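Following are the structures in question.
Both complexes shown next keep subunit A, but they swap its partner, so subunit B is in the first and subunit C is in the second.
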Partner chain A sequence: MSLLEVTDLSVVYEPKGAEPTYAVKDVSFALERGEFVGLVGESGSGKSTLGFAVTRLSKPPARISHGRIVVGGRDIAGLADEELRRQRQGGFAMVLQSGMNALNPVRTVRHHFFDIFAAHGHVDRRRREARARELVAKVELPDLVLDRYPGELSGGMRQRVSIALALSLEPQLMVFDEPTTALDVLVQHAVMRTIRDLQREEGFTALLISHDLGVVLESTSRVMVMHDGAIVEDGTSQQILHAPEHPYTQMLLSHYADPRAEVVELPGLAVRGGTISTASTRSDDAGQDGAVAPAARPSAVRAGAHRSAAREPVVVDHVSKVYPAPRRGQARVVAVDDVSFRLEPGQSMALVGQSGSGKSTIAKLVTGVERPTSGTVHVGDVRVDTLRRRGLRDLRRQVQMVFQDPYSALNPLHSVEYTLTRPVVNFSDLRGRDARRRVLDLLDLVGLSPVEQFAAKLPHQLSGGQRQRVVIARALACDPQVLIADEPVSMLDVSLRAGVLALLEDLRVQLGMSMLYITHDLLSARVVTDRIMVLHDGRVVEAGETAQVLRFPADPYTVALLDAVPQPGRAGDAA
Partner chain B sequence: MNPTPAPAPASTAAVPDHAPSGPAPLWRTAVRGLATIWAVPKARLGLVILAVFLLTALFAPLLAPYGATDNSFGRNEAASAAHWLGTTAAGEDVLSQVIFGSRISVVVGFVAGALATAVAVLVGLSWGYARGFLADVANFVVNLFLVIPSLPLMIVIATYLQNSGLAMISIVIAITGWAWGARVLRSQTQSLRSRDFVTAAQFSGEGSWRIVFREILPNMTSLITGSYFGAATAAILAESGLSFLGIGDTSVVSWGSMLFWAQNSNALLTGQWLLLLAPGLCIALLATSLTLINFGVDGLSNPRLREGKGR
Partner chain C sequence: MRYVLSKIGLLLLTAWAAITVNFLLPRMMPGSPADAAIAKLSRNGTVSPATRAAIEAQLGVPGGSLWHQYVSYLDSIRRFDFGLSYTFFPQPVSELVTKALPYTVILVGTVTVLAFVLGTLIGIGAAWKRGTWMDSLPTLSGSFLSAFPYFWTGLLLLFFLGYQLRWFPTSGAYGARTLPGWNGAFVSDVLAHAVLPALTILITSLGGWILGMRNTMINTLGEDYVTFAEANGLRSRTVAIRYAARNAILPNLTGFGLALGGVVGGSLLVEQVFHYPGVGYLLYNAVVNQDYPLMQALFLMITISVLAANFVVDVLYGFLDPRTRR
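Moving on to the complex of A and B:
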């Protein structure tokens, strides 16, 4: 008998004063004991809703409209709260994406364990301490952690603690909902390994929910692919990897590649060996967010044409940035340590490293948002690090920025047109009709057509990919010479990333801009940049041509970063 | 998971041919805001009570059986068919006084509340956005106003400004009542200013004032409305308090001055408890209605603040 059997499960969202929407539609599947199954889908596919439903954690306005969830021979779909609570011990547990924020900040980790033991009474009072020690050891943490408050632990450690807490109920079924998404690349890799090892040793059944097919294929033996509330493909990892049947699965898989390969190709992005070249056809890249990136358009040429200033390099010379100690007694934070580089006009360069490596600080120094502690930054003849308010405003004509999170980079209350009109009015003489025409040209340039309709929309009416296009359009409004892109695609779904990257790369070549591309994602760095700098603890550990550095990495840190890139092809390792 | 319903989109059809489309017209925003507040049962009750007081104040001459200062009746009369709430020691009709008195409380409440909120918005937003020396100065001034007990300060200012009329009372209340709102708005400004869209506005070449008032301010509608109703409540109570203490013009009929005269004439000892109860109850009810409305204000701009959608 299967451990978990889900039959015709539907979950409906019934918000007040809005149309109900079915997030999960008539889904059926079964999990066998000891299986490690992945559930993959992009945002909005209903995968998390399904995960919450099978653990009965759905909250209003979500409601299980019909279907059966049978755990160990018992239908839990309609169980009352108290019965459900008792069922949680030895039944099912869930680890959340924000699990590290799920800990109570004013109680020690030990308290968290003891609370659970007390609530279920399944551990003898005298054995509780020993059991807590045992559990933290399982997630590879030292005993000392028990005395700590959540705020004293790193994100990865907190996520490990929440896994241990879920384990403390000795569940037969563990649901991991994006357990590593909020963590740093290298930490992500380590936590996933712990989860894999645990599952093998403890033998619980695990359901891993993730948007990242690469991560899932690496760890699980069976994968379910979810799209629009339905499971479109269900097969062993090998099948999914080598012979995906559903076009959606095939599309997802096509977005993975090894950055170390000699030739790297992503949908819509050209082959980029050692030489620069752009794709000739860009028809399919943006189909997902309902927009089509234009091939070279007259408007683009016109936009670029009315600025003929000499293109000048960005020169960063022996720059350091030291922040004062966060608390008394702690050391000062050296965010950037003696970094020098030169970004030639028209060149694109990647800055890679994990969080805290100083890559975003460098972006702030180049844009004049922060001043370096020592060293100089020049954009052409302008010395950025001494600029005052007026000078900074002029600098923005030349150096613009694309932000990481398209959801917070647009003011939710302003229409797209307002957002784009402001830089046009501030940085050019265009007014009224002319300004509006320029705004529509910009929308056209980033492939948001029909332009009139998009101009009138508010941010919440746009998808993530469309928002990021608006953010890019805003950055281009004043014809900058240098574009700083800070993780421009990390918040987007895998299938949208290639489209936005292709757009950036296209525009860069068309408009002759140089780009500083900041990322932790080596694969995307490989396809859009010529040169790369690998940063670790504020220092440059490796620099050179992108293809060269990634194919033949010299520094162990670069190698570690490369190893952390999810590889569907490594699926065999886990089995 | 954040399945908050998105705010109803304003009509997306027909865009004017030129000129950037600004936010929706003010009246439409106001109507939508009112509908949001109306949707909360507690706030609905508050709105109804407030509406009753507003109508009473507006149509006082029609509703009141006699003039407010008409002292041609018997003194200290108990409630009767002719005088529902009895008469005062000076021989005025208590019901008529209560009805006319609502005008003062409502006007002072809303005017002083508006003044206090305006100061709070100006100070709070620029304080939250500024950094360095100016922020420190603002911090000092606001803290100063917060630690000085406001009633004594009001009394001092009001006595100093002799023959204080309604306008003066409103100003005094505004001066002593803005600090709390400023502090709340400042924290929200600080949290909003670190959002990417503010940095993005800087990159778009926007000046500081425009960022504060076009980018940040509209995202705080519910806080500002809330702090307005809070300030109005405080103003109504403060006005009554001042009048009760006999500060200000005691010849003007307001709920506060009614209490003052009732106290002076030992109304409780003469068994005329209605003289104290009627205006007291009205003050309490009006203040309660505003507090109830504040329950509904939370929904005004919060769904939009939580714009980032869950994965």
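Moving on to the complex of A and C:
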């Protein structure tokens, strides 16, 4: 008998004063005991809703409208609260997406364990301390974390604690909802390994929910692909990897590649070093966010014609940035340590590294937001690190940023047109009808058409990919020489990433801008940059041509970063 | 305990600053009580130098250097000597204040604490059962009642419970026929007199606490740690109290600190409506009669009590929120 049998499960969202929508539609599947199964889908596919329903954690406005969820022979779909609560011990557990916030900030880790032991009484009072120690050891943490408050632990440690807590229920089924998404690349890799090891040792059945097909294929033996509230494909990892049947699965897979490979191709983006293909393959991804490929349209050329002819390099010379100690008695923070580089006009360069490696600080130094502790930053003849107000304003004309989070980079109260008109009016003499024409040109340039419709929209009416296109259009409004893109696609769904990257790449070439591309994602760095700098603890550990560095990494840190890139092809290891 | 020590240091520093400002402000203002009195007299004819000297001596126009005045000012505060009241001449200000203070602290203080505790509990319940009548009833009636001004609620209670039904006495802190003292008759009389003002304050302030707690608690209920606690099968009581409410109460403590600090300032209007002999009533009289020594002493009192209340809340925060301790 299967451990979990889900039959015709539907989950409906019934927000007050709005039409109900079905996030999960008549889904049926079964998990065998000891199986490690992945559930993959993009945002809005209903995968998390399904995960919450299976563990009976759906909260209003979500509601299980019908269907059966049989765990170990018992239907839990309609179980009453108290009975359900008891079933959780020895039944089904959940590890949440943002492990960062899954722990009560005012209780120590020990109390978290003891609360669970007290709620179910499955651990003898005298054994509780020992059991808690045993559990944190299983997730490779030292005993002393038991005395800590969540705020005193790193993100990775907190997620490990959550896993240990879920494990303390001695569950037969563990649901992991994006367990590593909020974590740093290398930490992500380590936590996933712990999850795999635990599953093998403890033998629980695991359901791994993720947007990242690469991560899932690496870990699981079977994968279910979810799209639009339904499971569109269900097969072994090998089948999914080598012979995906559903077009959606095929599309997802097409966005994975090994940054170390000789030739790297993503839909709409081809290998660097030679020609950049702006081939028609892009249209299907661009179609995902309702955008049209911007390549070679007259308006794009017209918009580009605004720019000044002379393009100048960005020169960063022996720059360091030291922040004072956060608290008395602690060491000061060296965010950037003696970094030098030169970004030639029209060149694109990647800055890669984990969070805390100093890559975003370098962006702040180049944009003049922060001043270096020592060293100089020049954009052309302008010395950035000594600029004052007026000078900084002029600098903004030349250096613009694209931010990581398109959801918070746009003021939700302003229409797209307003958002784009501001920089146009601030940085040019265009007014009234001319300014509006420029705004529409910009929208056209980033492939948001029909432009008039998009101009009138508010940010919440746009998808993530469309928002990021607006952010890019805003950065282009003053026709900058240098574009600094700080993780421009990390918040977007895989299928949208290639579209936005291709857009950045096209624009850079068309408008002759140089680009500083900041990322932790080596694959995207490989496809949109010529040169790369690998940063670790504020120092440059490796630099050179992107293809060269990634194919033949010399520094162990670069190797570690490369190893952390999810490789669907490695699926065999786990199976 | 370094946290508490640093907070004590901060308290002493701010108290010193408040005392110094209280000393400097009147000296920086143009004119003095003596000038005002002389100006009033001179409207009816010329004021002889002898009269002027007498007035200045009576009102204690300070002499000597500013530093000298400051030192003697600090010394008189240490001795709790604020001079004599004009209005209740020749009673010392300190005596008036010590007489009024217990009434206000006991009445307003108890009611403030009671309103906070009660409002918080009701707010927790409302948030936990959100969407049901247990949510809408207290939320709606709370916002309805707190929309009334203090004195209006006071007058309504006075009219119905005091004059119509004659359940409670209508003015003062105790009746004309009872003598102050620690005996049952006096205490019960004081309690009976406190009911209407207390009820007034309770009714008007309860709604704010209910709404505040309910709203922060609803936010907290959406936090991942609450969902995770439920996923781990904790009892709903534990989830509601130790996970949700325990975190939701933190922002409300700040409001509580402000309310506690306002206790000594008293509920001026309420005490006025009920002729309740507390600090608010005293302050009202001081202002109306331009009783400068009394006013100055009361202002100092109010400032210090706000600081002390903030100190208490800061320390409480330290115990309740590990994140502030670091």
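Going forward, the second predicted complex is superposed on the first by the 563 of 575 C-alpha atoms of A that agree within 3 Å, B and C clash if a C-alpha of one lies under 4 Å from a C-alpha of the other, contacts with A are read in each partner's own complex, and residues count from 1 in each chain.
As a convention for this text, contacts are C-beta pairs under 8 Å (C-beta built on N, C-alpha and C of every residue); 3 or more make two chains touch, one makes a residue touch a chain.
None of the values given here were measured: they were computed from a predicted structure.
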Should the superposition on subunit A be reported as showing a clash between subunit B and subunit C, or a fit? clash
Pick one for A:Arg126: touches subunit B only (first), subunit C only (second), both, or neither. neither
Now for A:Val471: first (subunit B), second (subunit C), both, or neither, which partner does it touch? first
Given the touch rule stated above, what does A:Ala93 touch, subunit B (first), subunit C (second), both, or neither? second
Thinking of the overlay built on chain A, is A:Arg85 touched by subunit B (first), by subunit C (second), by both, or by neither? second
Who contacts more of subunit A, subunit B or subunit C? B
Quick check on the superposed pair: does A:Arg388 touch subunit B, subunit C, both, or neither? Answer first, second, both or neither. neither
For subunit A, give the residues common to its interface with subunit B and its interface with subunit C. 59, 97
Note: in the complex, subunit C contacts subunit A through residues 131, 223-225, 227-236, 238, 242-243, 246-247, 320-323, 326
Help me check something: in the complex, which residues belonging to subunit B touch subunit A? 1, 3-7, 9-10, 12, 15, 17-23, 195-197, 199-206, 214-215, 218-219, 304-305, 307-311
Taking the complex as given, what residues does subunit A use to touch subunit C? 55, 57, 59-60, 81, 85-89, 93-94, 96-98, 101-107, 115-116, 118-120, 149, 151-152, 162, 165-166, 168-169, 327
Of all residues in subunit A, those that touch subunit B in their complex: 13, 15-18, 43, 48-49, 52, 59, 61-62, 97, 178, 181, 211, 367, 369, 393, 396-397, 400-401, 403-405, 407-415, 417-419, 421-423, 426-427, 432-433, 435-436, 439, 452-453, 455-461, 471, 474-475, 477-478
